[in-house]
Structure formats: structure tokens, C-alpha cells
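Notes for the one structure printed next.
All chains are identified by letter, namely A, B and C, in their written order; residue positions are counted from 1 within each chain.
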Amino acid sequence: MGRSELRFQVEELYADYAACLDDGELERWPEFFTDDAVYKIMPRDNYERGLPLALVACESKGMLQDRVAALRHASVFAPRSLRHLVSSMRITPSGGSLIHVRANYAVLETRVDDETRISNAGRYIDQLVRVDGELKIKAKLCICDTVLLSGALIYPI
Amino acid sequence: MGRSELRFQVEELYADYAACLDDGELERWPEFFTDDAVYKIMPRDNYERGLPLALVACESKGMLQDRVAALRHASVFAPRSLRHLVSSMRITPSGGSLIHVRANYAVLETRVDDETRISNAGRYIDQLVRVDGELKIKAKLCICDTVLLSGALIYPI
Amino acid sequence: MGRSELRFQVEELYADYAACLDDGELERWPEFFTDDAVYKIMPRDNYERGLPLALVACESKGMLQDRVAALRHASVFAPRSLRHLVSSMRITPSGGSLIHVRANYAVLETRVDDETRISNAGRYIDQLVRVDGELKIKAKLCICDTVLLSGALIYPI
């Protein structure tokens, strides 16, 4: 497969991923991942100093599903609209079947009757693999530029 | 036509559309649309509840041209720079000649001697068709995450 | 070379450029440019009125390298994370070897223990050429929508 065809497929995946979260289709979110996927949200400072502390750390698709259930049952999450902007995607296929993807993201947030503000911005450091021909996320690291994430429960990024 | 060639053409169209609005070339704006085009700006809440109330509703290219004339003659619109960011584009050709496009957008706004802030963010839900080989917008729905749009007259999104 | 292949190469270049600045790899930044490159940051108002005054004006790769040295030795630049969002890219190859690129950008900024805000947004008006097969920036004009750029020393955009 050519590099521009791969880029096209990866862009479609990321657009669908953003739409899933922005449309609040949380139950569909774990389906983007492999069964053994790792998903973490870390502040930039911890990541760059090699500190392991993460704001969110899931180590299987089952843990992602548990997280969705927790978010669905939480009563402390005020209604808000989320809007992902993703750009500057860099795609690097490795020798094996792994595809490395880096991208910048910003999550905009709008609470009821309020203006739109930036919830957080940062970068994705991801690994994709093909499962039955389809691209799946094997590892997704969301490195936030801020440590101030609003909300008692952190929504997926 | 292959899907990656179609994606390329749609991305060019959206980049040109954003530049037209950001550069203030309002007279060129209706030319992106078909004669019978529908253009609406709706708050997310109304859209998701199926309420018909729109902040802006035009049902032909003529109405878009009227809107441009109104904006040009309005004295209440303070000078400001607009800047569109568009990402997470999803393109779905239908069986017929219709092409469905969804994308996330943010409009940044800078008033004279002020900082840049987010005017509004949301998603486009669009339908494109080909007219004489060229892609034109047949329907454009701008679903805003906020209901607080600044300015007495709403500028096209 | 087809237009979609060119678009792919230009997108990769801009993603790498953004990552270089966001990752703070300042020493790598001049390497994106030709030896005789022109790099300017100008407020929109000055640019549109044809006023020559620029916030930053470099007229060779050497001047870019000097600028990096100045930024590295400046003690007044408070630690912050930068995050570039780039979209709406328009690519126009000219008859010769020059490639014109226009894009919208936003630079988000996060200071330590603070929220993420918009530092500035605007557009790139660039010219690329090929040097030994590789795309290099021959001219880069960063037109800011705001005149209020924070920080005593302006970081590259």
C-alpha cells in the first residue's frame, strides 16, 4: 500500500474517532481499540520527565468499557459539548505491522448557555495495527499540555 | 474516481471556502452553492431535539446573496478578523450523485487591538453535488455548540 | 507528480514543522528553510495596508539561526507549551519550480499550572522549492490576526 493511501485510511480513522467522542457515542469508543490496548492520559511534564503517573490508565479493552460504564453512571458530569480538532498528523509505518501516528489535538468545550473554551490541547502518540484488515488502536497516549483538566471524571480524549 | 482523489478535491473545496470567509470575500461566498441550496446555522440543542428553529436559514442562492448585501450594509458589525479551523472530515458518497461530508470546525475571532478568542465551534453536516464537473454545496448545516453567537448580524460560518 | 501526491508531501512537511516547534527543537527549525529564505511575522493590518513593518523579519537561514541562539539565551521567556493547529491548506504549483502554499494556523499556549489559551491565529503565505528533491521553505509569511503577541521575545510561528 502506498503512503498516501495509508494516510487517507488513518485520517478517516481519526475523523471517525473524533466524531464518536464529540457525538457522545461512548459505547462505540472501546471498539476502536485492540483487546490488549493501552490507553493513557498524561500531563506533558510527567511524560517528558519519564514519571509514570497518568491521569487515566487503561490496559485492555475491558478497562475502557468499564470506564464508559463509570462515565454513564456518574452524576457529576455537567452537560457539555465537546469538539475535537486534530491536525499535523505524522504517520510512520515501522518494519513490522505497527504504524506509529503522532498528531496535535485540541478539545473545545461548551457548557450549556456558555461560550466555547479550550478544555485541553496536546498531542497523541499512538500505535495502530491491522486486525482482519481494519485499523485498530493498540496504544494511545494523550499528552496534555495542561494539568488542569476540568470535571470530576475525565472524559476520553 | 478513487476515494482518496475525492477526499483531495473535497479538502481543496473546504480550504477555499474557509479562505473566502476569512479573507472577507463575501461576494464570492454564494458561488460555492447550487441555485437551490439550503444553508442553515442551528444551535446543537435545537438540532438534536428536532426543533426547526435556526439562527440563519436560507433556501436558495438568491437568499445567500441577499444576506451578503445585508452584511455589507450593516453598520453594527465591528471590524474583526475571522479564522476558520476545519478538521476531522468524513466523506461518504451516496449511491447517487450526492456526497455527504461531515467535519468539525472552529471559528476564531480577533477584534481590533484585542486577543484572539473562539467565536464558536461545531460541526458541518453538508451535501455536495457536481455541477458541470465542479463540486458545489447543495446543503450546508452549521450546528453550533454554543447558542451565544456574538454580533448583531451573524456572519457566515 | 500528481496533485494529490504533492498535497501529501506538503502536509507531511507542515506536520513536521509544527512538531519541531511544539517539541521545542529550535535548532532544527532553520533546517526547514533554504539558505536565502525570507521569514516574517506581520500583523494582518500592516500586511493588508502594504505597510512593511514586521514583528520579526529574517532574510537568510543565518538570521534564523541567530534568532534561535537569542531565544536559547533569553531568560525572559517563561516556560510554556506551544501547540500548533494548521488547517485549510491550499497548494498552488506555479509554472516554474515554486509551490505556493496558504494555510490557516492557530498557536495554543499553556503556561505552567495554567489553562490552555490561544496565543495567536492567522495564516501562512508560503513559497516552497525543491532542493535535492526535498521540499524547503523559500519564503514564509506569518500574518497574525492579533497585534498582541505575548512574551518579550516572539517565538517562531
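The criterion applied here is as follows: a contact is a pair of C-beta atoms (placed from the backbone, for glycine too) under 8 Å apart; a residue touches a chain by one contact, two chains touch by 3 or more.
Just so you know, these numbers come straight off a predicted model, no measurement behind them.
Visitor: For the two copies chain C and chain A, is the contact made of the same residues on each side, with over half of the numbers shared, or of different residues?
Guide: different
Visitor: Considering chain A as a copy of chain B, what rotation angle in degrees (nearest 5) results from a C-alpha superposition of the former onto the latter?
Guide: The superposition gives an angle of 120 degrees.
Visitor: Cα centroid separation between chain A and chain C, in whole Å?
Guide: Here chain A and chain C have centroids separated by 27 Å.
Visitor: Mind pulling the residue numbers of chain B that touch at least two other chains?
Guide: Residues 4, 85, 87, 118.
Visitor: In the complex of these two chains, what residues of chain A are touching chain B?
Guide: These residues of chain A touch chain B: 4-5, 8, 11-12, 14-16, 18-19, 22, 81, 83-87, 108, 110, 113-118.
Visitor: Can you list the chain C residues touching chain B in their complex?
Guide: Going through chain C, the ones touching chain B are 3-4, 7, 44, 85, 87-90, 102-104, 106, 118, 120-123, 145-148.
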